[in-house]
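Here's the structure we're looking at; comments come further down.
Each chain gets a letter, A, B and C, in the order it is written, and its residues are counted from 1.
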Amino acid sequence: MNAIAGQKPSLIWALRISVIVLVGLWLFPTLGLLVSSFRTGDQIATSGWWKALFPTEQNLTLRTAEPDAQVQEGDLWVIEGNLFEEGSKAKISAWGTNAREIDANGPGDTAELRDGSVLTVEEDGAYRLQSAEEMSGRRGPRVFATAVVPPEFTVENYETILISGGSTDNLARAFFNTLTVTIPATIIPILIAAFAAYALAWMEFPGRALLIATIVGLLVVPLQLALIPLLKFHNEIGIGKGYLGVWMAHTGFGLPLAIYLLRNYMIGIPRDIIENARVDGATDFQIFVRIILPLSFPALASFAIFQFLWTWNDLLVAMVFLIDATGETTVMTKQIVELLGTRGGNWEILATSAFVSIAVPLGVFFAMQKYLVRGLLAGSVK
Amino acid sequence: MKRNLMTAAAVAALVAGSAQAQDLMFPVGEGDFNWDSYAELEKIDLDGEQVTVFGPWLGPDQELVENVLAYFAAATGADVRYAGSDSFEQQIVVDAEAGSAPNVAVFPQPGLVSDMAERGFITPLGEETETWVKDNYAAGQSWVDLGTFKGPEGNDDLFGLFFKVDLKSLVWYNPENFEDFGYDIPASMEELKTLTDQMAADGNTPWCIGLGSGGATGWPATDWVEDMMLRTQEPAVYDQWVANEIPFDDPRVVEAIEEFGYFARNDDYVSGGAGAVASTDFRDSPKGLFASPPQCMMHRQASFIPAFFPEGTEMGLDADFFYFPAYEGKDLGSPVLGAGTIWSITNDSPGAQALMQFLQSPIAHEVWMAQQGFLTPLKGVNTELYATDTLKKMGEILLSADTFRFDASDLMPGGVGAGSFWTGMVDYAGGKPAAEVASEIQSSWDALK
Amino acid sequence: MHPAIQGLLTIAFGVGGCVGYFYLSNIILDTLIFPARGKEIARNIRRANMVRPWLFLFPALLALGLYLAYPVVETIRLSLTERLPGGGSQFVGLANYKQMLGEPKFWEALQNNFLWLLVVPAASTAFGLLAAQLTDRLAWGNIAKSLIFMPMAISFVGAAVIWKLVYDARPPGTEQIGVLNAIYIWLGGIEPQQWLTIPFWNNFFLMMVLVWIQTGFAMVILSAALRGIPEETVEAAIVDGAGPFQIFFRIKVPQIIGTIVVVWTTITIVVLKVFDIVFAMTNGQWQTQVLANYMYDKLFVARDWGVGSASAMMIMLLVLPILVWNVYNARREMR
């Protein structure tokens, strides 16, 4: 493989480095999302995700234990404890008890609170609050701490999406529903398009060029316009909202691109192969099944990947043609959108759901990749 | 071949269609609920009839509404299905036009109801409901007026029932920060302005304002302007403004926009400076109240905003609100700005009619009140049932308002209220003169006529 | 029944029906209607060959006609009418188009669309070709490819979220959570920038998102094409002493030029339809409006079907050059 650049090691290095740079650039935003999916919403909103990997200095608002925890030591009422949760390795560099001055005190200092009680905070978060009178209220006083906090991650977001959010049953059902939508919605258009593409590439009939142009023209039809007339049509012929309707819709919307890509690939197949077969007496159907289909596998595979992705990530078509008011036929994207809530915008849920929904398409890509291998075409020419 | 497919689809639907009975949140007969009204509903028999409800609520909100609808199902035996969508406005139009509308739709904006009623997609609720709203809602006539639109034949009818109200004239703050700095809650707009100055003088940032909301960027500013409109002008002027009887670039409207600018366009008053206002996301902006050190002291936003406070924020302790006050010097009382969802029948059936009847019974209101995020103008409900003191306090503001006005941008035509008004406010926050912005909005309104 | 079985059943019905059509219809044509035997064998084969293209095309034409051509006709009709209250509509001629041309937002959208059309297809195809060629020769090329492909698997809305996080700006003095601003500050910038609100340049920040997504598409298609190049031509060039750059530009690129054009065209069309990204990130504010979002605005926000349809026609009009070019190409290939 490296025969071409083999003689020049410098070139190989240049090659490797440029690939790494390219991949790095492309990966960087996604990496941010991946890291964010393991953080809480508050963390995402307060510090950069790249800092999540290292200890950072943060301004925290903490509280001592509530007055219920106080014990009497002689004349004094005392609460002792640690500001951090057990096992935390955070280190406090400065602290304060008033929002005016959040870094008034250093570790080990003692400060007087507004109500006369005194508070001592150590570097590791241990504190002692003592007062001459019995303390009251529902909560302990605030402590503003400037602390170096080690990286902290959570799988809570994944739990929300996969387990607790809207019950596991729903997600499983949505998963199977989505597959029921996507698999036929991927295979049917490819089949139909492959036959049509062959006819447009290798069969002679009047009006061929015009038909090709029309198909390219139809590529741009905005989906939003087609929704109402088509749903009306589905209702009139009696299929209403359901799988059949959503397959037909995805097929219709995916066809122009499928035909366009496949025809273009098929036209590149050497003419000799097809003419030889014709001379040998093969019918078009036989040529198509025995020669064209195997030779077009890379193109079929790559289109399959894309059609799968579109139908997998689609929400609009599913909402219009599949999901009826009973909500039984829900899909993954809908399920995720539901988790986001009415006013949307929860970054942690969005980030996590992006990764949950990316898993299957990525698996498909890996599975299909071996069909994209070199030499299928070249091999058959020899 | 096609028949096979349909059979398969039908089988699929049948198998998937077995619904589980939902548990009721509060057992029937227990607690201070109005169980008499529930018993009344039990007389309706809808055994097994499916009633579909389609609305904008998702996530936790969806659970709340489903819990309420479960009482309807339990009392009447109907099979109620709620489905939510974040693109509700778009989808209800598609569904209605294509003829697959749900029985009942829950509209977040009256503007859309008006459009759909005119096209004949909504069934009028009738005289009886109209009288009921007038008699039983606080400021009943105004709720009737808000739900009345022109039908396909051009005559006015009540097309929607308001159920679940949001309060907008609220200012959120962090009580402990107020205590640390010794600030007091202002009782009038004059005091609010003095307080803002004092905060800025202390080196604090008084306000967090964020207009960002993806495709809807700008809407939080429209609430500001509407609140200011109610605090500088008579309610009648507000109504004329909404109906475009006075132009958008009327000096009185421009004045209200500039009142918003007093706070939002002053670098010393807003967190991040005036330049950050338009692009800060409205969901992120209240977080500044709880930052250490605090990034701002106050945040004006509707009653739903606690959902976006940091996790673990306890209402009444970590955060609280006060009424966005009116000018003492102008005799306009204490006006309140609000919004609400309208329930309409989009596909008439006995079940849909019965559901409307359910919404008029106190129990429907009370079960939601006892959960969260629900305010009602219905008189005679047991306000002790409000789940938190915060809600109760809001409920009191709502019931004691001498002027209640509905969110103007929701009442204006979509192209303005959900279009040029939003974008105009973004331009204004970015430094464009108020008069120029207002006249642009007016010309977009003219284009719609 | 378990949902999985149920799903499998429906899948089998759907796909089986489709395969059945092609197989059976060809058998029927060849054995029943025009049997290739007996006295009229030559005539029958010729006749069958005249019918067969349409047999192959029929399902595609049906679906295209119904799902795309019919809405286009409907759109043309809507763009010439105005809805009347209480249902029904009225023919208004070109009034909707006139109204559209009078709106400054429309011109802004048109202008931005041209900018997008210039930048995005070119950048995506170039990056895609680069990625396809470079990774082709590496042992870990497939992994690199998958990583570049990954954005393609994220929905547009998800992508919008990712990039919003990249472009995010926090008030000066506080910690930046957007990478771009963090780098900007680190390089000595003082005020964090609101990248998406800087007129003109914000268009490029939005375009970046689409380039990021579409490069994966271009890469996959182009790498399939690169692998289709007969090895002999490349080997022959190596024997002749051609350098890697010469091989790439003189041997490989000309052989896949057809595919490059297809990728370019496809991305151009994606650009014309781009809506989700702009909608989710700026909704066309700060002078970033594009035609597809303008159309959406008119259709579903202003609920003005006339002008909405008119702007859809505008989008279709923009594709005309590509259409003409394709007719020309198809004619040439036929010869």
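As a convention for this text, a residue touches a chain if its C-beta (ideal position, glycine included) is under 8 Å from a C-beta of that chain, and two chains touch if they have at least 3 such contacts.
Owing to the predicted nature of the structure, the values given are computational and were not obtained by experimental measurement.
S.K.: Closest chain to the protein's overall Cα mean, using per-chain Cα means, please.
M.R.: The chain sitting closest to the overall C-alpha centre is A.
S.K.: May I ask which two chains are joined by the most contacting C-beta pairs?
M.R.: Per-pair contact counts point to A-C as the maximum.
S.K.: Centroid of chain A to centroid of chain B, CA atoms only: how many Å?
M.R.: Distance between chain centres: 31 Å.
S.K.: Based only on mean CA positions, could you tell me how far chain A sits from chain C in angstrom?
M.R.: Using C-alpha averages as centres, the distance is 20 Å.
S.K.: Roughly how far is chain B from chain C, centre to centre by C-alpha average, rounded to an integer in Å?
M.R.: Going by mean C-alpha positions, chain B sits 38 Å from chain C.
S.K.: Can you list every residue of chain B that touches 2 or more other chains, as numbers and ranges?
M.R.: 5, 9, 12, 16, 93, 214, 291 - these are the residues of chain B that touch more than one other chain.
S.K.: Find every residue in chain A that makes contact with two or more other chains and list them.
M.R.: Chain A, residues with two or more chain partners: 45-46, 173, 180, 230, 243-244.
S.K.: In chain C, what residues contact two or more other chains?
M.R.: Only 3, 6, 10, 14, 300 qualify.
S.K.: Can you list the residues on chain A that touch chain C in the complex?
M.R.: 1-5, 11, 15-16, 18-19, 22-23, 26-30, 32-33, 36, 44-51, 172-173, 176-177, 179-180, 183-184, 187-189, 191-193, 195-196, 198-200, 203-205, 208-226, 229-230, 233, 243-244, 247-249, 251-253, 255-257, 259-261, 264-265, 267-268, 283-285, 288, 298-299, 301-302, 305-306, 309, 313, 315, 333, 347, 350-351, 353-354, 357-358, 361-362, 365-366, 369, 372-378, 381
S.K.: Any idea which chain C residues touch chain B in the complex?
M.R.: Listed in rising order, the residues of chain C that touch chain B are 1, 3, 6, 9-10, 13-14, 17, 20-21, 83, 85-87, 99, 102-103, 160, 169-172, 174, 194, 196-197, 279-286, 297, 300-304.
S.K.: Any idea which chain A residues touch chain B in the complex?
M.R.: Against chain B, the touching part of chain A is residues 40-42, 45-46, 59-61, 98-100, 102, 138-139, 142, 144, 173, 180, 227-228, 230-232, 234-235, 239-244, 316, 319-320, 323-329, 337-345.
S.K.: Taking the touch rule as given, give the residues of chain B at its contact with chain A in the complex, in rising order.
M.R.: Where chain B meets chain A, its residues are 5-6, 9, 12-13, 16-17, 50, 52-54, 56-62, 81-87, 91, 93-95, 97-100, 102-103, 176-177, 180-181, 214, 281, 283-284, 287, 290-294, 304, 307-308, 310-311, 317.
S.K.: Write out the stretch or stretches of chain B touching chain C in their complex.
M.R.: The touching residues are 1-2, 4-5, 8-9, 11-12, 15-16, 89-90, 93, 112, 115, 118-120, 150-154, 214-218, 271-273, 275-276, 278-279, 291, 295, 413-415, 418-419, 423, 426, 430, 447-448.
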